[in-house]
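Listed next: structures, encoded as structure tokens.
After this come two complexes, each holding chain A, first together with chain B and then together with chain C.
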Partner chain A sequence: MAKKAHKPTVVEKKLVGVADVVITAAEKRKDPTLTIPVRALSNVTFNERKGLIEMGKRKQARSFFNMAMAKKFMQTVLVADALAELQRANLTTSLREIYYRTKHTIKNSHENTLDTQDESDPIIEDLEVSLAALREELHVRAENAGSIVGPVVFVDDGDRVDCTRLGKGGYSVPSIVEPEYLQIARCTADFVLLVEKGTQWNRLSEDKFWRRYNCVLLTGNGQPPRGVRRLARRLHEEKSLPVYVLVDNDPWGYYIYSVIKQGSINLAFESQRMAIPKAKFIGLSSADPEAYGLPRNVGIKLNEKDTARAKELLNYNWFQKKPWQEEIKRMLSSGLKYELDALANKDFQYLTKRYLPRKLKEKDWLD
Partner chain B sequence: MAKKAHKPTVVEKKLVGVADVVITAAEKRKDPTLTIPVRALSNVTFNERKGLIEMGKRKQARSFFNMAMAKKFMQTVLVADALAELQRANLTTSLREIYYRTKHTIKNSHENTLDTQDESDPIIEDLEVSLAALREELHVRAENAGSIVGPVVFVDDGDRVDCTRLGKGGYSVPSIVEPEYLQIARCTADFVLLVEKGTQWNRLSEDKFWRRYNCVLLTGNGQPPRGVRRLARRLHEEKSLPVYVLVDNDPWGYYIYSVIKQGSINLAFESQRMAIPKAKFIGLSSADPEAYGLPRNVGIKLNEKDTARAKELLNYNWFQKKPWQEEIKRMLSSGLKYELDALANKDFQYLTKRYLPRKLKEKDWLD
Partner chain C sequence: MATATAAAVAPKRASEAPKTVTAVEMGARQREISVSEFFTKNRHLLGFDNPRKALLTCVKEAVDNALDACEEAGILPDVLVKVEVVGDAPASQATRFRVTVADNGPGIVRKQIPPIFAKLLYGSKFHRLRMSRGQQGIGISAAGMYAQLTTGKPVHIISRTSARAAAHDFEVQIDTKKNEPRILSEKQIEWDARRGTQVSMEIEGRYQKGRASVDEYIEQTVISNPHVTLTYVTPEGETKKYPRTYDQLPPTPREIKPHPYGIEFGMLLKMLHDTSSHSLTGFLACDFSRVSPPVAEEIRKTAGLSPRARPRDIHGHAAENLFKAIQSTKIMAPTTNCLSPIGERAILAGLYKQIKGEFYTAVTRPPAVYRGNPFVIEAGLAYGKSPDQAQPATTKAEPLAEGEKHDTDDELARIIRYANRVPLQYQPAACAITKSALDTSWRNYGLTQSRGALPGGPMVIFVHMASVWVPFTSESKEAIADYDEIRKEMALALNECGRRLRAFLRRRERAHSEHRRRNIFELYIEEIVESCNRLKGGKLQTAKLKDQLQKMANRITGGEKTDAALGRNGSGPEGLPHSIIVTPEGVEGEVPVLAADAAPVAATNGAVAHAKTDDKVRPLPRAKKATTLRKKKKK
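== the complex of A and B ==
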């Protein structure tokens, strides 16, 4: 833990630049302003060529000439300062801890710098966007929330982590998987299988599916968290691995797939480094119950929310391809959705031994 | 994956015994009955000597002479059969998949064996209790939900997993950590630190706290799941490690600690193999804000639910020791609760560098 001579990172320089805005403005006797891209639906577009949801170019100059704005500005500088501290010390932390770190009573007053985390979170988002730095590059993490097994070797803090030698449990995917923290030393897999639910990931891990089909098995236990998405993206990009996504056959499964593929509207800024436009949807498809002989009584009736959501998806730009329209309409006309778990109706190992092998053999996926 | 000659497990024999009850009854022309311990608050006691919550000895004979009961009996036999299948094939699965596996349309009818998972889950609990087999021994798992780092080596599926060499991310704790699945090959740690929240676990893992203080760092990202509790218990029992529990300073943190220590009322049956009666509460204590100089403005006002819950805890048998009464009353009289995250107010690494070292040095914990 010996201190090295400090060489500021690119991100640190950008963060320090935020404070410079104030100084420069003060020197020029002008109001300080920050230029921040507009984060609103109106400034989000689907780039068809790239296949991803992008933020537009519209920006907003935030000036700070009234008292309310002055407080916000002060908060922005405080948060930028805390984030710069993380860079200098090479630490990572959570949104909540940044809130606590920057919360103080303002000198000679009873007022707090911040009252709730609702004040610091949007500032961090603003900084992400305006400094063009991913949250992970700002060293802000969420929880570890995912597992990986298969023929890939990472280097994490100098340790070589060989994911073929971690039993059934696998490696716990960190929240931050940026190259400065996690290096992909070696990967001989042919593809990544990103499984929505932990249960099916456990099934496949237990059955050593990755060994027979030479793949990496990845899960985020539900809607995949940023670390899992970013890791899939890195394996895709750096190791040229196709990514197949396996989700429940319901509108939420389609949506999870679409976020992995082209990003989300809320976090459009991040698509550039999170989305995987070539990701394929391997199932469950609404055609699977018939193709694989799943009985109707393991289907679940679509409720009103499901139906409304499926109809919304039909209108999304990125679901306009004919096979997708058919996929969603088939679900609507059957009136049923199917969970991945329902495959167990045939046999506990049906997923490993029949379903996925046939899917892969027939290249039966949607784009 | 070559098949070996099948030697039934103890659990499998017990499961097959469930079907035998029917056959024996049929032969004797009697109604089949199963004897099941009563799962109700009235049959739960706190064993002060052992320091754990236990199920009493009251049992209930379930006979099945009417049609409604006949269906339940049929379901019990079906579920027992599915569980026996898991034993024979040496597979694990989830509650949900057992539901799907046993769901069929009854021959020559439109009726299903089960309509919802609400019918199969209680049957599995009944079987756990009446066969005296933990859910994990029945091969029923939940999701992987926890991480571990530190000087411990596991054997998982024949792989040696050295938790000092898994970077910051660590080993993803499986849902089932019974000795048949996970062996503790080596452990040179002095204690286990079980951290409620993933954020603080990440802080400690990033700072390699386990190396300096020679401990195992374990988290379940919130209320610890069964796998994490069971693993802490095994490390405690098999390797004689003290277990220190670090939680938020609020009534829910106290409760999490108490479940780790003496088990819960709902799952009293499992305390025998899950509870750690010697576990210590290392913090956050309601005495810490003063001792460690945490400002009042990082405390959060107790709401009505908090206050009511804290008062309930004051009446629990296992919180009757004087230091615990003082601990809880001090929180109530301060009117504030504190999150672990609030320690970041002092410094991002305060937990690693000041708080825990002093706690350990002063042996400042509650029993």
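== the complex of A and C ==
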């Protein structure tokens, strides 16, 4: 058959392994069971030496002949099937398309295999973890939700992309930035500045901050997607650029920084190639309002959720350094959070012209 | 003062000036109003507001009378109701109907026929404190008067008291001025029926199905009177037969004397005047219930009246003192043997027969008292869709799109209200029954309920109030008045029903999930095998894998555990008293046994039925097939 010509990839073999689990178990009259590493705070450890969050060894069993898991098991096999199909066809797709591809009515019933995308997304993550295959390797991409501008040249699908010549908008970071897909042809920048918010990135880009300070400006529009994190990591690793992170002064900003630096709890298994343990927190610090004379009235009162989240952060192993404990406690005691945008209170270009220059000059950052 | 214009107007005014009328002239115009005349003008008070309701009221009054008569005579009622269209319009367009109601009751003696059917406020029930459907002696003669008023046709009656007696055939009308019957024709005829009464009248009406229709009335009457065999010939010519499901007459209610607490001042005065006793204590002890001579003496002392005072001579202030004394003396609650509740078994039988469902239960509360009147509240529930109704709904269901939910069944429960076995079909909002059903927190019993609304779900809530004197909000007897004591009893009865419903729902939920357990693996196995086959590039022996998984599924689920959860191991209907549960596999509980099926068992109900567990499950014919199949499987 024509199919024989196709040489299965490593990932495809792993996916077929899911079917083998079922077949072997059935042969032995055992309950088919997949083991999936637990993706929760309880199963991650902070490796202080490496500065990374690592996944623990705890696994959960997902068996078919268990009422609570039967459906999930069935869905897992279905998703594995769809992912294998992608491998064979050598296509990439989105999480949403996987959901539609696997959704159908179960024969002789009115039940759907999946009801919402919320059911298929975690299954894809489960497969990533248990097969030790990266999402990119599974050919699943996320939204292009990041932008980059600065003295760096990429080769994307054979096209040279010079990020100094892309105007204010910059280059939209693809979700898969592995070397096979995107090569860094040249980079003359001195450092990478990763900005939480698109608005502040726009401000810096418009003011050509990157030209003046010879840096690469990156943003992920909120919690940075994998592509942005991976690209920052590659610039850091391959071009040895220091990475500075500029986020809002609130618990969510702190957490974004920590994800960039040590990795996330949910995707702890990917920390190895995503995390940038040497990334620095440049701002907005809870000490800044005083140091930069921001008036109290541009702050926002912490709500209950903020306070609760901040208290959680205080307990995370990777926030145990003394300056960090002080930083978070200072925010809690002030009872206020500050957005980066609040700097505009002093001047529209305050961020570009005063705040960042002074931060960089004074090396005023947290590690 | 007198300008030109004023002068011009003045004479005109003089002619319009109020004419003075002398007392003599007024006196000439003052005369007695006959009751019949009064009701001719105020027919809405008796339920003849509009043609549709009038048709219902005529049927209702005639049927009430027939049933009351049969029960009092100790005869199991056999009633025929026939509504015919007069003229050739289709039933839904017709404006004239002939209503005929025939019973197998004791019949009426010749002399009494004219006044019963053609004299308002004539009857046997008004002067007695006894539970009966009719209370005032207005109903049937008012219906006759309505016929006379709208079509001019007389009421036609045939009655026979026994096989040996002659059958009398009368045509009567009311002389509305005198409130006296006018006999248009009277003859003796040959009649097929050995005993009974048939009344028929031609009226203006409107026949429309649905809420508060004759059809609904008949159906609801059958529920509350399962001991009645009823044949209903609809205006469309269809004959509906409702055979009796319970072959015991309700116990004959006893007549009681009024309880002192229930009496009003005017009534007391009248009784004082009418009594045959010569002493006050004698009057109190003889004419009231629950007043013993010592209690009578105590009342007399409290009222400060002389032991020699003659009841006839107690007026004004003394009477008022007596009235107050009665209220302040502690008197035993009235006897309750004057009541004849329907009974749990009979309600169950009625609901089961008339309403299709999965679960039935009935509660009869112990008697209670409001304003000196004893009463009993009974409640029942018929819940769910019967298995044969439920199936077509699931087969046409379609798979759901994202965000869609499974059939949002926004059907609400329906209340059926009864007073002394008579269905109440109008003014639900004014009725204490509706209020009680709304106030019950059905959520506690596993149903949905929005604020201030009836619970959701296919359910019929049955509430019956039996009393010697049902407090209606109006003469047309449409809604029960709101007394705290009555509301409390209703709430207690409904709560008990709710608790049983909850037990049933829990059990069904368990059975359902076990059932699902069985199915779910089978469904998913199919999916998994197909996916595995694709993963393996289509080279899998699918049948083999499927078989292996299937065997495991059977081993893991099923067997005893599922049977237990489905209640198939004879565990009975959850120990729920007076309940019936219907499942596709059969029927459990106190299923009514039709007279034809097994007379001896029915006669000795409860005791025998509970002695052997086998007897508990008494499947009806429709369930038999399933039961025999099951037995085979077990082997």
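In this section, the second predicted complex is superposed on the first by the 261 of 367 C-alpha atoms of A that agree within 3 Å, B and C clash if a C-alpha of one lies under 4 Å from a C-alpha of the other, contacts with A are read in each partner's own complex, and residues count from 1 in each chain.
Assume contacts are C-beta pairs under 8 Å (C-beta built on N, C-alpha and C of every residue); 3 or more make two chains touch, one makes a residue touch a chain.
Because the structure is predicted, anything quoted here is derived from the model rather than measured.
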item	value
Contacts of A:188 with chain B and chain C, given as first, second, both or neither	neither
Which superposed partner A:325 touches (first chain B, second chain C, both, neither)	neither
Partner chain in contact with A:342 - chain B first, chain C second, else both or neither	first
Partner chain(s) touched by A:112 [first = chain B, second = chain C, both, neither]	both
Which superposed partner A:15 touches (first chain B, second chain C, both, neither)	second
Residues of chain A touched, compared between chain B and chain C (which is higher)	B
Which of chain B and chain C A:70 touches, first, second, both or neither	second
First (chain B), second (chain C), both or neither touched by A:35	neither
Chain B versus chain C as contact partner of A:214, first or second or both or neither	neither
Which of chain B and chain C A:84 touches, first, second, both or neither	second
Intersection of chain A interface sets (partners chain B, chain C)	85, 105, 112
Complex interface listing, chain B residues touching chain A	85-86, 89, 91-94, 96-101, 103-105, 112, 141, 143-145, 147, 154-161, 165-175, 181-182, 197-199, 202-203, 206, 221, 295, 297-298, 339, 341-345, 348-349
Chain C residues within the chain A interface of the complex	394, 397-400, 402-403, 517, 519-521, 523-524, 526-528, 531-532, 534-537, 540, 545, 548-549, 551-553, 556
Interface residues, chain A side, partner chain C - complex	3, 15-16, 18-19, 22-23, 26-27, 29, 31-32, 64-65, 67, 70-71, 73-74, 77-78, 80-81, 84-85, 105-113, 115-116
